[in-house]
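Next up: some structures, all given as C-alpha cells.
Each of the two complexes below includes subunit A, the first together with subunit B, the second together with subunit C.
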Partner chain A sequence: MKINRKLFPYVLTLPALLVCVGILIPFFTAVYYSLQRYNLKMPHMKGFIWFDNYVNIFTDPSFWNTIRVSLTYTFFTIIIELLLGLGIALLLAKRTWLNNVLGVLLVLPLMIAPALASLIWRLLINPNFGVVNYVLSFIGLDGFTWASHPDTVLFTLIMVDVWVFTPFIMILLLAGLRSLPRQPFEAAELDGVPEYYKFFRITLPMLFPFILTASLFRLLESIQQFDIIYALSQGGPGESSMVFQVSAYLQTFQYTNIGKAAAMMVVLWAICYFLCHVFVKQWHKLKIKTKGELLQ
Partner chain B sequence: MKINIWSILKFFAYIAIIMFFLFPIAWIFNMSFMTNDEILRKVPVLFYEPTFKNYLGLWQGEIAIEGFATMYVYFKQNLINSAILSVGSVSVTLLLGVPAAYAFARYKFKGGEDIAFTLLSFRFAPALLIILPLNLYFSEIGLYDSYFALIWVYQLITLPLLLWIVRGYFEDISPDIEYAYRLDGHSWFQSFWRISIPLAKPGIAAASLLCFIYAWNNFVFALILGSSAIQPVTVGALAFITASAIPYGLIACGIVVSVLPTLILALFIQKYLVQGLSLGAIKG
Partner chain C sequence: MSHSKMKSAIDTFLKGKMSRRDLLIKAGKYGIGFAALTKLMGMQVTSALAAQDFDWKKHSGTTIKLLMNKHPYMDSMIAELDNFKALTGMNVEYDIFAEDVYFDKVTAALSSKSSEYDAFMTGAYMTWTYGPAGWCADLNDFIQDSSKTNPSYNWNDVVGNLRDACSWSGVAGDVPGAAGSKQWCMPWGFELNSVTYNMRYFEKAGMKPPGDLVEMTDQAEYFTNNAGSNEWSYGIGTRGSRSWATIHPGFMSAYANYGLVDFENNGGKLKAAMNSQASKDFHKQWVKMIASSGPANWSGYTWYEVGNDIGAGASAMIFDADILGYFFNGNPENKEAGNFGFHGFTPNPSASAPTPNVWIWSLAMSNFSKKKDAAWYWMQWCNGPENAMAGGVKHNQVNPVRESVWASGDFDDKIRGTSPGYMEQYNSSIDGSKIHFTAQPLFFETTTEWAAALQEMQTGSNVDETLDKLASKIDRMMKDVGLA
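Moving on to the complex of A and B:
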C-alpha cells in the first residue's frame, strides 16, 4: 500500500461520506428555506424573512393541533407497543416448539411496508365488505366508523401502527429475555421469592437496556410516522390525524408553501435531535453499567 | 385451580395474538383468490372456488370486468421498479458501505466515531426535511424521476444500516489473521478480499437482505421524487386502491405480490434479525 497509513481509513470511508455529504447539502438548504418567504406560486415574493415562518407556525392553531396529534399518536403507539411487546415476549420466552414458530411468524407484520400495512387494514375495515366489521357486529359494534370519523381515526391509525411495530419491540425484548443470566432467577427460586417480586426486581431491571433501545428506535420513528397515516387517512378527516410530516407534505404540494413546510420540518428535526440526545446519554450510562456485555 | 386459570388465560392470549397479528395477512391472501362478487358479500364467504384470475390479470396488465370494458392496470411496472430500486440500492450500499464499515471497525482514526455517528443520524432525521429541497434540486438538474437519483437517496436508509451491522462483524474478526496473511507478502486488498470479507460474510449477507427489505418497503422517497413511471409497489398499490372500479380481489392480489418478497426474505434472516433491527446494539 502506497497510501499514507494515516490517510487510509479516510480513503475507505470517503465514498460513503461523499454520498452523505450530498444529503447534508439539502439539509442546510431546508434550514435556509425555513428562513425565507418561499411560495412556489409566488416566486417574485421570495425573500429573507428571518424567523417569520417560525413565528407564523407557532401562532397558528393548526400547527398546535399538529403537535398535539403527533404527540398523542407517539405516546399511545409507544405505550401500547411496549406493554404488548413485553407481554408477548414474556409469553414466548420459554423455548417450546410453538413459541419458536410463533416468534418467527409474529415478525411478519414488521416486514410488511407500513404503507402496504395500511392498505391491508383498509381492505379489512372497508365499510362495505370489511371482515373486521363483520366480526365486530357480533359484539354490538356494528358500523364502527374507523378512519372516516374524526373521533375514531387516531384509534385506527394507532391500531395499524401497533400491528406493524409491536413485533419490533417483541423481537428485541424476546432476545433480551432469552439472554438473561439464569443465576439470579435460580437464587430467587431457592429463596422462595414470589413471582411478581421476581418480575419487578430481577426481570425488568435486567431487561431495561433492551427496553430503552427498543423505545428509542420506536420513539424516533413514531413521531415521524408518515407512511401509515398518508396511506390511510392523509391527515383527515379535517385535520384530526394531521401529524408533522403529513402536514409538511400537504404544505409543500397543496399550498406550495416551501418556507412554512421547511420550518415545520426543522421543528420536528429539533425534537428528534433532542430526544436522541437524551436517549444516547442514557444509553452510554447503561453501556458503562453493563460493561459492554449487553450493549455493544 | 390457580394453575388452571393461568393456562386458560394463556391459551386465550395465544389465540388473541395470533388473530390480531396473523389473521390480516391470511385474509389478504384469501381475498386475492376471490372474485369481486365473493368479496362484496355482506357475510364473508369461507368456502369458495379459488380463482387465479386476479394474478393473471395483474401479470397481463388487463382485466375484463363484467359490464365494463377491459380495464388496464400497470402494476407489473411497479414490481419491476421495486426490484430495480432495491437491488440497485443494496449493490451501491455494499460497494460503499463494506469498506467504510471495515475502516470503522479496524482503525481508530481522528473523527472516525463522529463520522460513523453522523452517518447513523441520517436514519433518524425526518425524511421530508431532506427530500423537499432535493425535490427542487432534482427538478433543476434534471434528476427528478430517475432511478439514479432514487437509488442515491435510498442510501440514506440502507447505508447506515449496513455500516453499523457489518462493522460489528468486522470487529469480531481478530486482526492477527489479516496481519499473518499480509506478512506472507499479500497486499492489503488481498487480505481484505480473501480473509476479512469471507469471514464477515454471514453478517454482510444478512445486512444486505435487511437493506433490501428496507429499500423495498420504502414509500416516501419515490412518492415525492418520482413519477408513476419509476414508482415502486408501495406507492403503486396506494394509487391502485384509490383508483375507482378496480376489483378488490385485484387490489388484494397486488398487495400480496408486493409483500411476498419481504416476507420470504424475512424467514431467511431470522437469526440475524435482532442484531440488524437494533443496528447492532443488541446481539441476538
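Moving on to the complex of A and C:
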C-alpha cells in the first residue's frame, strides 16, 4: 500500500496528535468544570458561575497560604537536592569500584514509593520509639517536634523529599559529568588551572543543561507533591503545610467540590506553565552561552 | 441420634431457653467441638429462617456485589455469609478496601453513577453527602414493604437513636430522624466514645477512672509528669490529625456534654457557634489537656495511633471509641492486652450522664444498583436479628445494633468476661448517645477546618482568636452555598 507523499508526514504525527488530544480532553474538562458551581452533594446548585470559583479562591487567605507553602517547599527542595546531588555526583564521578557500589546504594531511596518513604520516616521520627529521636536525645534534641508543629513541619517534609529525590538529581548529574568531553579538562590540566577555576569555568557551564533538566523535572514534581505531605501532615498542623495537591484532593474527594478543585488545578497548571517557560527560556540562553564560551 | 439431640438443644438455645454454657456442656457430651457447634448453629438458624412464610429464594441465582471497608464487622459477616447463600441461593461478591482509601473509593464509585456495587458500608455522616446527591436509596421503601421484608426482621429492635441517626430529611439543620426523614442507611455496628484506661497503671497510681474533664486533665498530667520512671509515656490519647475524624469522637462527645452546639439554627440558616464564650472555655480546657498530656506528635494521630499507643502501654487512657479499646484489649499481640477497663465518661461536672457522639458503621444501597430488591435481601439478613446475634455472640460484632443482642445473656457473659466495665459504660451512655453534630451538607469541610483550628490552638495559637477566625470562615462557607 502506497501512502501519498504529502500525507505521509501527517500520518507520522498522528500518534503524537492522539496523545495530545488525550491530554487536552481532561485539561479542557477541568477548565469547563472550573467555571461551574459543581458540588456533587448539591446537584441542584450546579450551573455556570463563570469566574466566581477563581474570584473565591483568590480572595481566600487560605489560598495565598497554599501558594506560599507550595513555592517555599518547591524552592527549598530543589536547591537542597541540587546542591547535595551535585556534591555527591562530583564525589562519585571518578569510575572506581567503590564509587560504582556507592552509586547503586545511594539510588535506593528513589526506588521506594514516596508515600512509603513517608511512612518509614514517620516511624523513624516517632517520639515514643523512633530511632532518630533516640539518637538526637544524646545531643539534647529529643523533644524535636518534627511534623507536629508549624515551625518544624516544612523542615521535616523537605527533609523527607530530599532523602527520596536527591538520588534522582545525583543520577542525572553523574551521567552528565561522565559524558563531558575530556579535552577541556586535559587542556586545563596542562595549563595548571586551579581546581576551583576548572569547576566554575568548565565543569559547571558544561553541566548546566543537565542541571536545568534535573531542576525542571524536580520543579514539576515538587510543586505537585502530594504523597509525602499527605502521609506526614495532611497539610497541617493548621494550614502550615497545605499545598496545592493536598488542598485539591480534599476539595475533590472529601468535600466533593469539583468546581473549586478544578479551578485550583487550573491555577496550578498556570503556575507550572509559567515556571517551565522561564526555565526552558533560560536553558536555551545558557545553551547558546555555553556553546559560545566553549568555542572561545 | 446425637445429631438430632444436638439439633434440638440448639433449637432450645436459639429460642433463648438454654444458656450458652449449657449448650456447650451438651455439645461436649455428644463429642461435638466448638467449630462444629457454631457450624451447626448457623445451619439451624438458616433452616429457621427458611421455614418462615417469606420467599427467601426469590432472587436465587442472582449475584450482588458489595463495597466494604476492612473491619472486624466485615469479617464477622463473611464468616456467616455461606448461611445467607444457602438460605437465598444468591451469590455475593465483594471488594474490600482499607479505611484510608475506602471512602475515596465509595465517592468515586457513586459519583460516577456506577452500577457495579449494589450495597456498601458507610458512616451516617457520609450519607449527608450521598443521600441529597441521590446516590443512595431511601430504605424506608424496603423496610415498610412487607412483601420485601421478612416477618422476623423487626426494625424496631434496632436501637432507636441509631435508627434516627441514619436518617435525615436533607434539609440543613433538620434533626436526623425527625418527621420526613429518609432512611439513607441502616445501622450495622456502632461506637460509643468513652474512656478506655489501663487498669494496671491506674491501680499503680492509686486512681479511679476520671469523673469529669478537669479530673481527666489532672490525671493525664500526673501520668505524663511521671512518665520517666514508669512504663507509660503520656497520659491521654485522643485523635489529632487534620481531619473531621478528630472532632467526632471524644472531642464532640465532651463538647456536647457541656451543652455546646456546632451551629445555631435560625430557621434553616446556620451560624457557626464554636466561638461562643462557653465554647471558648471548653476549648481552652481541652487544648490544655492535649498540649500538656497528649502524645508529642498529636497532630498526626488517627484512631490507629490512639489504639496502638494504649495497646502498647504508651498511654494511660484514651477518650475514643469503646470498640477501639475492646479490640486492642482482645488482641494478645498487644503488650497491655487484657489490662483495659471501660468507663462511661461524663466530662461536664454538671451533667448527669455521658452523651457520646456516635459513629455508626452502616449499610446503604446504591441508587444505581440494578438489583435493589436482591441487595435488600442481603441487607435485611445482614443486620437481621439472627445474624446480629451470631455476630455478637460467635464473632466480634461489638457493638451490635439490636437491643435483643445486648439483652442476651450470652452476649452479656461474653463481654463481661473479657472487658471490665464495658456493659456498664454502654448502659450508662446509650440513652444520651446520638449524632451531636448539626446535619448539614458541608459537614466534612466544617469539621476538617475545626480540626485544623484545634491543631493551631494545641501548638500555641490564641484560642479566642482562632475560634473567631474559624467561625467566620465557616460562616463564609455556609453563605457560599446559601445556608447562612
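General remarks:
In the analysis below, the second predicted complex is superposed on the first by the 252 of 296 C-alpha atoms of A that agree within 3 Å, B and C clash if a C-alpha of one lies under 4 Å from a C-alpha of the other, contacts with A are read in each partner's own complex, and residues count from 1 in each chain.
Here is the rule we use: a contact is a pair of C-beta atoms (placed from the backbone, for glycine too) under 8 Å apart; a residue touches a chain by one contact, two chains touch by 3 or more.
The structure presented is a predicted model; accordingly, all values stated were derived computationally and were not measured.
Touched residues of subunit A were counted for both subunit B and subunit C, and B has more of them. Contact with subunit B, but none with subunit C, is seen for A:217 once the two complexes are overlaid on the shared chain. In the superposition on chain A, contact of A:272 is made with subunit B only, not with subunit C. Of the two partner chains, subunit B is the only one that A:107 touches; subunit C does not reach it.
Of the two partner chains, subunit C is the only one that A:146 touches; subunit B does not reach it. After overlaying the two complexes on the shared chain, residue contacts for A:204 are found with neither subunit B nor subunit C. Shared-chain residue A:55: touches no atom of subunit B or subunit C.
In the superposition on chain A, A:122 makes contact with both subunit B and subunit C. Contacts of A:79 after superposition on the shared chain: neither subunit B nor subunit C is touched. Shared contact residues of subunit A, touching subunit B in one structure and subunit C in the other: 122, 126, 128.
Of all the residues in subunit A, the ones that touch subunit C in their complex are 39-43, 45, 56, 62, 122, 125-128, 143, 145-150, 232-239, 250, 253-257. Against subunit B, the residues of subunit A that register as touching in their complex are 1, 6, 8-10, 12-13, 15-17, 19-20, 22-23, 26-27, 29-30, 33, 87-88, 91, 98, 102, 104-116, 119-124, 126, 128-129, 131, 134, 163, 166-168, 171-172, 175-176, 179, 210, 213-214, 217, 220, 224, 226-227, 230-231, 244-245, 248-249, 252, 258, 261-262, 265-266, 268-269, 272, 276, 294-296. For subunit B in complex with subunit A, the touching residues are 10, 13-14, 17-18, 20-22, 24-25, 27-28, 31, 39-44, 95-97, 99-100, 102-104, 106-107, 109, 112, 115, 118-119, 121-122, 124-137, 152-153, 155-156, 159, 163, 168, 187-188, 213, 216-220, 223-224, 233-235, 237-238, 241, 248, 251-252, 255, 258-259, 262-263, 265-267, 270, 273-274, 277-278, 280-284. Contact residues on subunit C toward subunit A in their complex (touch as defined above): 103-104, 107-108, 111, 128-130, 132-134, 233, 241-244, 295-300, 309, 312, 314, 441-442, 444-445, 448, 451-453, 455-456, 458-459, 461, 473, 480-482.
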